[in-house]
Amino acid sequence: MTVLFQARGLRKAFGNGEHRRYAVDGVDITVAEGEALALAGESGSGKSTIGLIMARLLDHDEGEILFDGQEIGKCSARRAAQQPWRAQIQMVFQDAGGAFDPRLSISDSVALPLRRLSHSRGNALTHAVEDALDRAGLAGHLFRRKPHELSGGQLARAGIARAIALRPRLLILDEPTAALDVSVQAGILHLLNELRRDLNMAMVFVSHDLNVLRVLCSRVMVMEHGNIVEEGPVGRVFASPAHPFTTRLLAALPKWPRSEGLPHQLPGSALIIHSQ
Amino acid sequence: MNASLISFVLRRVLTVLPVLVGATVFTFVVMRLLPADPAAFLASGPGMGAADIAALRAKLGLDRSLPVQFGLYAWQLLHGDFGHSFVTGNPVALDLLQRLPASLELACGGLLIAAVIGMPLGIAAALRPGSLFDTACRALAVLGGALPGFVIGVFLIYLCYFKLSWAPEPTGQIDAALSAPRIVTGFLVIDSLLAGNMTAFASALGRMVLPSLTMALFALAPVMRMTRAAMVTALASDYIRSSRALGLPNRLVLRYALENAGAPLITMFGLIFSYMLGANVVVEKVFAWPGIGAYALDGLQAADYSAVQGFILVVAAVFAAVNLLVDLLCGWADPRIPRAA
Amino acid sequence: MPVLAPLLTVRRLSLAFALPQGGRASVLDGLSLDIAPQEALALVGESGSGKSVFALALLRLLDRHAEITDGEIRIEGEDLLHASDKRMQDLRGKTLAIIFQNPASSLNPIRRIGRQIADVLLAHGERSADAARRRAVQMLARVGIQDAARRANAYPFELSGGMKQRVMIALALAASPRLLIADEATTGLDVTTQAMVMDLIHEQARANNMATLLITHDLALAAERCDRIAVIHAGQLVESAPAARLLTAARHPYTRALLTATPHAGSTLANLRAIPGQAPDTAAADLPACRYYARCDRRTELCKSLPPMQTASSNGAHVVACHHPL
Amino acid sequence: MKYGSSALLLALFLALAIAGPAVAPYNPLAYALADRLQPPSLHHWFGTDALGRDVFSRTLAAARTDLPAAAAAVILSSLIGVSVGAACGYLGGAIDRWVGRVVDVMMAFPLFVVAVALVAALGNSLTNVVLATAVINLPFYIRLVRAEIAARRQLGYVMAARLAGCGHGYIIGRVLIPNIAPIIAVQISLNLGWAVLNTSGLSFIGLGVRPPTPEWGALVSDGAQYLLTGQWWVALGPSLVLVLAVFAFTLIGDTAHDLFSPRSAR
Amino acid sequence: MQRRDVLLGSAAGAASAFLPRLQTRAEAASLDTLRELAEAGPNSRDPHGAGVASPSLGTFTNIYDRLINFGHTEIAPGIFKYDYTKFTGELAESFEVLDDGKRLRFHLRQSATFHDGSPVTAADVKWSFDRGVSLPGSKYQLATGSLTDPAQFVVVDPATFEIHLPRGDRYTLPNLALTFASILNSKLIQSHATASDPWGADWLRDNEAGGGAYRITNWQAGQRVTYTRFDDWKSGPAPALRQISFEVVPTAESRVAALEKGDADIALQLPPQDIAHIAADPHVHVVSIPVTNTFRFIAFDTQTAPFTDARVRQAIAYALPFEDILQAAVYGHGTPLFGAKSAQPKNAAFPQPYPYNTEIARARSLLAAAGHGRGFSTTLSYNVADNDTAEPIAILVQQALAPLNINVQIEKISAADWATRLTAKTVPFFIESSSAWFNDPDYFFRIFFQGNWRWNFGSFNNPDLAKLLTAARWETDPAKYDALMEKAVGIVFQQLPILPLWQPTFEAGFKPGLTNFIYYIHGQVDYRPLRWA
């Protein structure tokens, strides 16, 4: 396993004076090449802040950040746009609608990082944009539309297309499906998994939805009050949580009744939901 | 609670200081940019030559360097001395003190009329957004705001005083034949009432009607528009929906909406009031209203540095005071607005 | 299941929105539904399926662009659609109450919470302001707010998200309604808070012999918390059944698809499936009779033209509206 | 209906300004003392003024003074205001606080008096009226743009632009400002009305355009002298047109406001 | 007061404000009060002050006494005009001219007191004159009457005062009747004097210290001044009016409206376009008095090209439509100073009509002769405060000069800047009006046609004229004087440093019944003789 991204002793405080509070309070994160890492926690736990710091959109107060062995935490977030590793670390936001410039067509938005960071022009650019959008599963007739003309699911795909257009090695996803209907969410989850596999991207998936994290990621970090309280393989953590907070989180999930024991009353209507 | 309020007020007053200092510097610089030489203006008597002008300049301190002049001016200000006005011959502080209440009274009157007409219209329009009534109200208010004050003023005088004799003559705050009441608030309408002098009260009130109306027409559009917007926002809010869903009577629901529209409306009134105080210059001129706006205009035309500087400082101070009041009232109207910051 | 006169009866409810650019969108189409006294029913659907509009229609709080084109709503036998405005005002809060999604914005931000509860009490028959205030404190205590007497003087912004939703519940319960509608009441809350709020609603419903209508997009939550689940798709009720049965023996293709799309404790990525396509545009002129037609893998020409009948299971508990049920 | 009428009014005024001299029945500058203070008639639709000039022709011609002057003032203040406001709103920090202070100071001034002082200081010409109008409108733009940009600088699409490697200049100029353009447009159209009022207010107290250039405010204030003697028409025609012009701008602003602000619409 | 009463009261007040017909002044006023409306108000109570606004002259007239006053002549029933060739005693019961005019002796009224009750003594008179010749606001005017040095003012005894002059000066007595020669309460002022302000100028600006017929009982600068009769006044017949309210109403239309509605008794500064209309109103009595010491003119800076050439100035004069300008600007309310038939002065009077008429051909040839046949560009300026009159003039001048290819830009200069620009001589071509205290031609000429000051509007510098004026100053033979001055007038006719247009008319509106109005040089109202018929 090759380490792609490493952060040590991350701290970040917000507010002033007596209101100063650490949203991230001494966090270490390691992401391996091509790995899918889950970052779970409740709102206010600091998980989104970590996402922004990892994507170098937000400055941290303390700690070091290494990407591909290179220290990138010294460069302030304001100047991150000009850095060579910018194309390597991309992010997908929760509110896909808000993440698109409302004036631009989807393909123009997707083209922007390609133009700025890989300096593609002309046909190469068009090709790269269409390739990314195709990969993200967006239908061709939607490319020229404006964001407000797309549904939430389509926007989520477009957001992913933009993030993967540069073939980043690390993709941070901040609750990319939280606002979506389950009917759409499943498709997005499949998409992300395929992309990770095909492009060998490492993913950090930030979410409060444990059921989603469980299906997508191999390793999970659970956050509470700016700290990582538990970390481990998904199967282990979910099956036997070690930290009481993790236990509480899992206990609060709605119980899904087991299929056993309920007779199908109407003939011919049987449906095996869990066809293991 | 009380201690925190006082410390809030004190802190706010402190934040006003840079504004006042800024206003002082800016006004001083602008006045010194004026090509006009007050000494030449003053030396208007035939026979006064270059030597006398120079002597006057020396007497006025205009022969010193600008920083020294500013220093002297600031030193005077710190001692409460705003200088002397050439136009009225009075100390500027005295003039402003006498005239400020008249301007405030006019602005209050205008705001009151605008509020009394504009708020119900705004609320009514908000209750039926998009209706013909709504559109008509807005068009009317916009039309009111599109009229320059001097047009309305002269027209009202012509119609209400000259033609119809509905209003008293447009010559100041009160009939000169009546003795003005003892000054308590400086608002003649209130002072005459306090003095129990009904004749003076009627005269003062009557004379306020036309100029306040002129000011009100100008303020009507913003009052209506903002009331409507605040009410539309409030009425479209989730808590109004939930209070309806809880079966609260319409009266109470409307009250919820009004209370919630309170803070934005107070802020708006503060803004309009401050703006009116600066904008009533022309109206004061038309109605011979003895306010600070007309005073400043006369001062400007006579290169009366001290008068104009004093005026701008006073308006800036009133502006700051109004802002403070607005903050306090907003804090009272909306508990979410912190008294800190 | 004991046969009780339903608390709420909705029959063939159809509702349309007048669109700003002209035309109408058929938001609810012939929706029929019963809620028995003390029953917990979940209405489950995707966003835009019309489930929240349904809740507002029950309260007659629809905005001016909405028009009920057909059907009837009765609560305790009383015809809601023809009740006077005054009567509606009485019914709201007292007979049917609702909790909305966002507690932060659903509470009047500038009134103390105790006073808001007292306002509801005074609107529904309480005469003494003192008594109202005292009962408001009791209500707060009842929904689990510690130190209720002091907290009654708090403003909503001084409370946490979970506390606010408790206050919303207290407000809804203040006049002891017969039916409590929770419209996405826990959406956006953390799972732990969600569990707490749902526990509270459940507890209170039981304690007050109240029926609940849980409106949600979360099938898992519905299944855990409700006796019965009704599934709505594009304004049409497609299936309703006892919760456990719906999950295991869904008969409508849409319900089935919804189930396979919902991640839960037993899911793997492999067995999660998205539902193809999107719900149809309800403003379209050529809506198929079954609005799931375009997305359905069992569709026939019949589905396009003939509205599916609602067929009930032998005991009447499992109703499905499909020409080709599973 | 409303959108149509505001567009129609605007078109009318633009047509007036462009075609004015061609359709004006008289030379707006030519005096004819024999015809002084004639009431409106078929020959003189708005009557004649104290020098016997045709008020209608002068009113038409004034559109060529007022509209470009107002436009110039608004363009000037919006250009500066948007740049300064955007920089402050985006960058924040100490500069932003200082600019905020300065704007506060400016807002605390009685703006009309400042305009009078500026015109007096810079010299009495139309250019300086435009300058003064621009200066007193400046704080409104700075404040507005600053707030709007500050509210957007953390939005998803700004973040996305940063991820896309866009520098701050690009984000301000190509992402943020285009997105608040509708809001600025609303402010501009409202401001056009204020600018006309301000120009006319200055004319009323004798500052502003050089005679004999016709200007609405000057026409109205000239005419106001004749109201009491019964020659109402000298002021009426220009007043109506002035009001209509300001009304048109405000209406357009109002319409734009509706179109762009989801909060107040319906 | 009960809350209900307040409400009732305010309701009544609001209602009464809109009663169909308000009680007017005519019904309310008694016969011993007066209400005067003017455009601007007094700004000082110091007759020797600098920067004194002209309404203050009215204040000085009424609150202070002079030793003597001008005589007056009736020009219409109940309307008088000052006559500065005749003098009557005011504070001086009588006066004698001794030693060929080198000594003036004044016998003060024994019983006269100041407002504070202290007697008026010759020491007060001397101190007042000492002050007058020391302060810049008055010393230049007093110097025109050879009053320059405190040593000239002699206290003979408490009731007798003398002025000693180096030689007899015909301007001495007229100066003594001006407000600059007001007699002040020396002890009162001295008690407020300071080391840096020995003449108490700062105090007197804001306070009165005199013994005139009226005292100020209310002073709201820029708004209103209330004068109340001083019942112990001894320097003339007891005034009929007990109280006068002087009010500032800046808008001319409002003054006219108040006058026509009977709310005002006197309104000053009536706009010329309203005069005809007001005069037709039976409720108003309009007084029109030609003003002989004021004149309106167009000035050329004779030191700035192209106006250095007299032919350019003459060409412009020949191009102007004088009659139209007079009509356009003041509706013909003025005495023309143009259109004289002969290039030779009619007499020694000044101002008198200049020999210029509209003769375009002549204008062209003069311009061509001056080398400006193809025209030039220049700027015509005027004071914003003077807009109502100056703008029509400027427009007509601009259009009249266009055919000569003289391209005129009109420039309005703010009132504040105007004095500065004129003093600095940076306006080459402008419209202005001015006045001198006395009508004697040499007096006019000394102010307006020589010297390096603002009042030499044309920056005129002519050695011949200077010689003539020096000679005329002390010429006591009327015939010789007239001969000298006729020559001087001829020079300015031809040289044309300024082009006079007309002499204005003093116009005031009275309520009918007000009588005994005396018009003075300063155009302010002397309340002392006024009475209701």
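By letter and in written order, the chains are A, B, C, D and E; residue numbering begins at 1 in each of them.
Note that in this section contacts are C-beta pairs under 8 Å (C-beta built on N, C-alpha and C of every residue); 3 or more make two chains touch, one makes a residue touch a chain.
Molecules present, by chain and UniProt name: A = ATP-binding cassette domain-containing protein; B, D = ABC transporter permease; C = ABC transporter ATP-binding protein; E = ABC transporter substrate-binding protein.
Bear in mind that the values here come from a model prediction, so they are computed numbers and not experimental data.
Visitor: Touching both subunit A and subunit B, which chains are there?
Guide: Touches both subunit A and subunit B: C, D.
Visitor: Within the chain touch network, how many edges lie on the shortest path between subunit B and subunit E?
Guide: Counted as steps through touching chains, the separation is 1.
Visitor: What chain lies farthest away from subunit A once each centre is taken as the mean of the Cα atoms?
Guide: The chain farthest from subunit A, judged by C-alpha centres, is E.
Visitor: Between A-C and D-E, which chain pair is linked by more C-beta pairs in contact?
Guide: A-C
Visitor: Can you compute the centre-to-centre distance for subunit B and subunit C, using the mean CA position of each chain? Integer Å is fine.
Guide: Result: the chain centres lie 53 Å from each other.
Visitor: Measuring from the mean C-alpha position of subunit A to the mean C-alpha position of subunit E, what distance in angstrom results?
Guide: A distance of 87 Å separates the two centres.
Visitor: If you average the CA atoms of subunit B and of subunit D, how many Å lie between those two points?
Guide: 23
Visitor: So what's the Cα centroid distance for subunit A and subunit D, whole Å?
Guide: The computed centroid separation for subunit A versus subunit D comes out at 49 Å.
Visitor: If you look at subunit E, which of its residues touch at least two other chains?
Guide: As it turns out, subunit E has residues touching two or more other chains at 253, 257, 260, 384-385, 414, 416-417.
Visitor: Touching two or more other chains, which residues of subunit B qualify?
Guide: 34-36, 154, 158, 162, 285, 300
Visitor: Dump the list of chain pairs that touch, please.
Guide: Every pair of chains in contact is listed here: A-C, A-D, B-C, B-D, B-E, D-E.
Visitor: Within the complex, which stretch of subunit A touches subunit C?
Guide: Answer in residue numbers: 42-43, 151-153, 181-190, 193, 208-212, 214-216, 248-249, 251-257, 259, 262, 264-266, 268-271, 273-275.
Visitor: Write out the stretch or stretches of subunit A touching subunit D in their complex.
Guide: For this pair, the touching residues of subunit A are 55, 57, 77-78, 80-82, 86-87, 90-91, 93, 95-96, 98-103, 109, 112-113, 116-117, 162-163.
Visitor: Which part of subunit D faces subunit E closely enough to touch in the complex?
Guide: 29-31, 33, 36, 50-51, 119-120, 124, 205-207, 210-212, 224-230
Visitor: Using the touch definition up top, name the residues of subunit C that touch subunit B in the complex.
Guide: Those residues of subunit C that touch subunit B are 59, 61, 89-94, 97-98, 100, 102, 105-111, 119-120, 123-124, 155, 157, 168, 171-172, 174-175.
Visitor: Using the touch rule from the top, collect the residues of subunit E that touch subunit D in their complex.
Guide: The contact residues of subunit E facing subunit D are 252-253, 256-257, 260, 271, 273-274, 277, 324, 327-328, 384-385, 387-388, 391-392, 394-396, 398-399, 409-414, 416-417.
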